[in-house]
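In what follows, structures are represented as structure tokens.
In the two assemblies presented below, chain A is common to both, partnered first by chain B and then by chain C.
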Partner chain A sequence: MSSTTAVSAPPRVKVPRWVAPVGAVVLFAAAYLAFRGTGTLPHDKEAPQFLAVTELREWIDDHRNDNPLFLYFLNYIRLFVGGLYDLFQTTLYALGWPGLTGVMGALAWLAGGWRIALLAVSGVSAFGFLGLWQSSVDTLALVAAAVLLSLAIGIPIGVWAGLSARARRAITPVLDVMQIMPTFAYLAPLALFFHIGAPAGAIATMIYSIPPAIRITALAISEVSPTAVEASASLGATRRQTLFKVYLPLARSTMALAVNQTIMMALSMVVIANLISAPGLGGDIIRGLSRAQVGIMLPAGVAIVVMAVVLDRMMMSVAQRGSAVGWRSGGSGATRAGEGGGAGATERASRSAAMNRPHAKLSRIDLVAAGVLAAVGLALIPVLPRVWPESWTINVVAEVNDAVRWAETTWYPVTTFIKDLVTASLLNPLETLLTSAPWWLVTLAVLAVAWRVSGVRPALIALGCLLAIALLGTWEHAMQTMTTVAVAVLVTLVIGLLLGVAAARSPRYSAVQRPLLDAAQTMPAFVYLLPALALFETTRFTAIFASIIYAVPPVVRLVEDGIKAVPATVVEAASSAGSTRGQLLWKVQLPMARQAILLAANQGIVMTLAMVVVGGLVGAGALGYDVVLGFSQRTDFGLGFVAGIATVLLGVMLDRITQGADRRSSPRKRKSP
Partner chain B sequence: MKIRLLAGLLTAGLTLGLATACGGATVETSPSSTAAPQGGASSAGGTVKIAINPWVGYEASANVVAYLLKNELGYTVELPEIKEQLAWEGFETGDVDVIIENWGHPDLKKQFIEEKKVAVEAGSTGNKGVIGWYIPKWMADKYPDITDYKNLNKYAELFKTSESGDKGQLLFGDPSYVSNEEALIKNLKLNYKVVVGGSEAALIKGAQQAQTQQKPLLFYFWDPHWLFSKTDLVRVNLPAYTEGCDADPKKVACDYPEMDLDKIVSKKFADTGGKAYELVKNFTWTNEDQNAVADDMTNNGMTGEQAAKKWVEANTAKWQAWIPK
Partner chain C sequence: MGDSPDSAAITVEGLWKIFGSRAQRVLDSEDRHLEPATLREKTGCTAAVRDVSFEVRPGEVFVVMGLSGSGKSTLVRCLTRLIEPSAGEIRIGGEDIGRASPARLREIRRHQVSMVFQHFGLLPHRKVIDNVAYGLEIQGMPRAARHARAGEILSLVGLDGYADAYPDQLSGGMQQRVGLARALAVDPQVMLFDEPFSALDPLIRRDMQAEVIRLHREVGKTMVFITHDLSEALKLGERIAIMRAGSIVQLGTAEELVGAPADDYVSDFIRDVPRSHVLTLRWICRDPEPGEPLDGPELPVTTIIKDAIGLASASGRPIKVVDGDQLAGVVDRVDLLTFLSGQDVPVKAGA
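Now for the complex of A and B:
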């Protein structure tokens, strides 16, 4: 409990524990009333730092083809990645839909038998039925290029980090920051250096999806049994031999997880990459957004989810095929916050891997079946039309739009009431509070809270981030974004606690809820914008609603696990001492699950921030909108760029404030139920 | 020029490698290379990429041209969703061949046409475009002096919403639209806040509700648009446009000019686009034509292709003149 000792370091006699915090709150309230309206840092669109970045971009644009850095380095990277993307795209186009369906089916069969193969075949066909064949293939090619690059770079770094503790110490903080960076923050710098289009999109996706590749590989390598390494070394194996014959084979199944996570991350980024003109399904999503037509977005959203599910199940089967033991001992860092959609995957695999006995080796039947499937697919390429026949597509645009319109008009009173209530009672007052308070007061408050919750070092880091935000000239918008995040996190935690407690108390309810949570965590972030947009049009509340449904699943899961982890003996003792169920919950289970709940808050905050920023697309305003604007208007590029940096700083700050829980003891270390 | 050469070599190498490796490299696979014409758009059956900007009038023009390119000239047409300013950059990266309806953008013309020489003008679309601030007609009837910008502050109270705080709301559309709003509000000292609806659809919906339910609304809008024939709207008079009053974007204090909307194509497409380029260059129609197609797309449940087909079938004489001989 380093934090509490830090705050109440000089132990005074007989002062009740609540005095210090309450006193602090009163003090801050008084200071706010006294200094309100002074020391605010209003937003200035023409701030010199924004203009400087805009000018830098203009300069780079003008010198992209004659500056040596671009000429001999960056443009080559761009060309190489572009070539890789073209390679995948050409191959996939050449396969056509029969070929691709067959090959994917075959791969899936090899990965996990006929069930997975069936899933893959129907999943790939779904792209066609949805009328999105070409966009889906573009997306698939982009994901393939990005994931390949991620793995090519991530696995060696991961192996290095797994073998050397020093390397791991150096890399971990970088990965931490990368994982709390919202997707949007990656785009502007990449547009600056790699221009726009598919290569820039692939590079953005690669950078976003690389952390799990490094992290899980490092974990896998470091968990290879030392005896095996010892044995091979004593038999005279060289380091290279030990690496390739001992480490990598033994770490294989965990590394399949690394691949899986990387793919999931890539899928959530690839859509956002459309903002810098990357091709694929993102285009359809943006088209729907800019027409305010859910009917256009829905099929694209479904296609992305289908793609995620198919790839997820395939990689999961591969992971399960290997040994289920070995890597379970301590997955502390691997699934830390911010991995977004795939956060639960590792855990999920451990559970299912523990339940299913490892598959036997591939049987000959499997091989034959897979071969036949692939051969049939390839043989059909010249026979069937190259383009997916239009008569086979299901066009639901009009129907979905009608349904949405119906929902809008029918539920209009209810949704408007909720929206206005939250906006008027929570959002606006809090926003006024944060933007009208002097900057030094907010900074002090953040420092105090971070110190209390997480200790000195995180508090200082949080302080540094906040000051940097002020210096960057994004104070007011950062405060607005923070307001949105705060409201969203508040609601998320309330819902998460309710559902988590319910699940912890009723195994039957938990059994119903788990698969839903699993599914929810496989979905890329922006998919949640759809229902939000359908119900609430474009306002700040829309982004809040979307981030709530995005962040609730991991929070529920953490709370449930935290409560379940309270030792049965303690519960027993409390019950036998005559506690009611309510007392048991409030006095025993929740306090003892405090760490897990704090971790849930941390996860919730990081995920909410990511979503609120994406919510810039649907009316969330502030930093997220600045980023969108930066890509829409050349003159505002600097603003968008700086807003991206500010988002990262805000993310780091919020993470540090709540990080105390995570650092002390990770509930993931516990044995899964 | 050096990078062009290297790029060309590399891309050529890659394409060659592909062609031999999988025996199926097609021409439509180079959306990303920075240079090196691959001969795609030059022959019939090539690919033309028309950027789609997010307003339905633009889409109407793009779909009609796309329909003719496909069905009369046998091209493949891609319609990537790329917003106004990014589309100009797309000329440079090869992601875009055509912007079918350009609203002014003298700064971009200078940069991409004169300085970088990656784009060229391809003539007028025949459409006259003008942006302005609008209110529903009932407001002009009830408050006759509201159409003068000098009186806007007097009525700011009416336009307050939950998103605009204590100022009046000026509803804006897609973040990528041509906009002087921030500068106008500042320079004309208006007590208003720009609230971004995020899309054309948000503007249309707002305008329709405002007129039918008699709700106050001040919003950004533009002509040509089908909405004017369905809903009564009145334009607010800002200080009249004079030549050059919008030269410095920060100091703008005048209304938008009437613009002659034009087409911009990439240099590469102009040089190697063959008949496709000719068709794009010849394309010109009236605001009524565009509104008819846009209306079908928005209100009659047609896709862009269906609406284009309907117009093409009904107006053979017009488009026959565009088809290159």
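Now for the complex of A and C:
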């Protein structure tokens, strides 16, 4: 006995690796049991922070027309944006439905031939058949105004960032934060400064959709072959000549992706912008959501999706025209998570005849056809009524509501079982834990986790965010939202990993799944609330379900791509050493796809948070509900405003913690002590 | 070497290029003489070109040769300040490039100096004719005029009938012909070639080298040619500068490099060159021994050694090597065989 101890006692006691984390967990558990119920920060609707903001709004509303900042600056912006929107709206109304159908068809034909034209014509007609002509046109005008402004501002900034590394470094962190901000967070400050209505909605949409315009343009510019640029300079071109004759033409097809992505972002935002009284389809959707009436929102939702599909296919055809030749260096560069919506579309577009000839200019037939289409449309304006005739519409509200009711009652046992299981086993315990623990204990726990996972800086940022949330008086609701996010992310990651691994291992399954993922990623976010609402009515679980189906597609795609990106030679080497398929997966593919999987987790969290907050409309409660309440009840404006800030803080915190993990521990770094 | 700048097409004097944020400080200190690796370790700066001086005569093909990383590509870019030199003077056609204003520099690039690139640098969205006309377009030449000029140049480089093709429809060799045409179209006095053929496969490369030789004969431009391929350098270069770690280690004709390498680095380089293909009789002829018959065939001293073999084997008598009217020496079969056998025969240095 004594001899063994003597032998096995080295000078320093070797502690197993699991001791520290387990010790920390035990410590926190003990602290929780000892201090439970103390130091909680219960929600107070009348907290002074909220009241102060409400008062600020009252003051601004009173002084909107005499304070110089508003009088000489903000009000002009509002006027200008409003004018732009009116211009689009008037033009579109003047075209009437025959004119608009013809013009859209012609543009689509120019973009991608007769298939796309057919899609555009039937898409535009669908607005009429759904009985939503006017609100669709309003939405289109709002999107047009917002996208135009986004591009007018975003493309120059993007070009600048693409040309100058310093500018890129300055802009990137701003864009990072903008991209994790949930849609809701933009609305309250904009309402404060630009009042409510179409201009504020257009500005909110513009701000929300500007990051991809900047980011992808910068990417496109920086991808331009440096030799071509140098050759141009060596012949004595000025910077301007090089920009217009080399950079922009070579970046064109990638920049079409930027336009496309900007439009897609704008389409998801215009709907939410209805909360600050922006006109259009959002009205029906928000009304349907808040009354839990799928029948009201389904046609509007379909109209938005149709609009998204039509515009997406048109823009992707434009992008495809250039890239079919293959002079874009990193073709996949722009297709990041959540931006790969058009991959399926590009494949389809490349099959059409015109695309098979590289550098094919538009043929005469295409030009004539587009001209005829536009002319016919315009000629019919005086003949046919401008507004879509009432008798041609299909009203499905009642039928849809019946179908939903049928589904709810028929599947009631199943859906209730799932809902109750998740609520009882995950949601409730976690929520109780987070809200009954002292705030300082939760903060310490988050600090410890962030430190261990990501390092000092992210940990300090997380700490700052949590303290700010506490000071803002939104602690309890933030904890509830965090619970929902945590549960949704957990389920999302499990499903995403399983499907992603399955797709990576079976090409046949992947071929089935890809188009579904592509389609899913083209759809605006809130569309996912529809099935969730139909199945689960308004409960906390509805938002979770919606965020899972919203966030799973990009996670699956990232995991699949990550595993497929493992070099074939490595897989071959492992196979030739006699690995089973399971060993290959666990010992080679998953570890090497680590970066992609961490990125998937990060994306999943950011997307889930965005959806959970929107879920406030359908019973998710907590911060999201506060934001909605802030818009509907004037006296609660402050609460909504502060809740919006709290969602941003929560988003930054979760993003930093997970993104730090992505950056920090590459396997190489982990090896070094 | 003529010292007057007017007689040279390009004069480079004490040229330095140091990359890094503290380039100027390095340049001002004694650190600049450190070996590149040591310098990088000490200051984080990279010395790409170190105190380089040379002159290129009008109409000459001047080759800069070195391995990758020796600074040759940086050097050629410094000539028109595509890369801004850290120190030193560059004159092209007598004009101080370093002092040129941005507008003047553009003028020089537009009309006097043009460049051919390793990876062609063609604009994929433009037809061949518009690529060739690009230099003229940015000068503001009207479309019809520049297309007419570009058409002429295209037939000069043997690309008749490809005007309306796009670059990616052409093979690599043809793409580089487009690059060549683009550089020629602006009718420059000086053409710079940055490893133009190293991305091409060997047969095409030989064609293109022949093309450059032909063009040089026809248009007579001053050419600065960068390469890492010794045989290319020997084939094209009237004079060759060998670069190593940013400095020129030797500058001379092919004959001088092969006959009298300046150091071990250069001799290592030229070891595999068949010397009989480069050296002339000047390097191996000797004074006639007393009583040696001097009625054999005559050859000029500039004859390449391998070309003398046929005559030597046909005649039993020593060959008289003449420099103009004067007798420079004699060479007999034994001399030739000894030389060809590769024994390290001492050659006459600096002939």
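Everything below uses one rule, namely that the second predicted complex is superposed on the first by the 586 of 673 C-alpha atoms of A that agree within 3 Å, B and C clash if a C-alpha of one lies under 4 Å from a C-alpha of the other, contacts with A are read in each partner's own complex, and residues count from 1 in each chain.
The definition used in the following text is that a residue touches a chain if its C-beta (ideal position, glycine included) is under 8 Å from a C-beta of that chain, and two chains touch if they have at least 3 such contacts.
Quick caveat, the model's predicted, so the values are computed rather than measured.
Asker: Considering only touches as defined above, state whether A:78 meets chain B (first), chain C (second), both or neither.
Answerer: In the superposed model, A:78 contacts chain B only, not chain C.
Asker: With the two structures laid over each other on chain A, which partner does A:228 touch: chain B (first), chain C (second), both, or neither?
Answerer: The second partner, chain C, only.
Asker: Determine, under the contact definition given at the top, whether A:241 touches first (chain B), second (chain C), both, or neither.
Answerer: Second partner only, chain C.
Asker: Quick one: classify A:505 as touching chain B (first), chain C (second), both or neither.
Answerer: neither
Asker: In the overlaid three-chain picture, which partner chain does A:250 touch, first (chain B) or second (chain C), both, or neither?
Answerer: second
Asker: Between chain C and chain B, which one touches more residues of chain A when both complexes sit on the common chain A?
Answerer: Between chain B and chain C, the winner on chain A residue contacts is B.
Asker: Take the contacts of chain A with chain B and those with chain C, and give the residues found in both.
Answerer: none
Asker: Provide the residue numbers of chain A that touch chain B in the complex, in ascending order.
Answerer: Counting only chain A, the residues touching chain B are 45-46, 61-62, 65, 70-71, 75-76, 78-79, 82-83, 85-87, 89-91, 93-94, 195-199, 274, 276-277, 279, 283-284, 286-287, 289-293, 397-398, 420, 423-424, 428, 537-540, 617-619, 621, 625, 628-629, 631-635.
Asker: What residues on chain C touch chain A, complex-wise?
Answerer: Within the complex, chain C contacts chain A at residues 80, 82, 105-111, 113-115, 117-126, 134-135, 137-139, 166, 168-169, 179, 182, 186, 192.
Asker: Which stretch or stretches of chain A touch chain C in the complex?
Answerer: That would be residues 225, 227-238, 241, 245-246, 249-250, 252, 322, 325-327, 358-359 of chain A.
Asker: Sort out for me which residues of chain B touch chain A in the complex.
Answerer: Listed in rising order, the residues of chain B that touch chain A are 1-4, 6-7, 10-11, 14-15, 18, 22-26, 28-34, 52, 54, 56, 80-86, 89-90, 92-95, 107-108, 111, 115-116, 162-163, 165, 174-176, 179, 182, 196-202, 205, 249-250, 301, 303.
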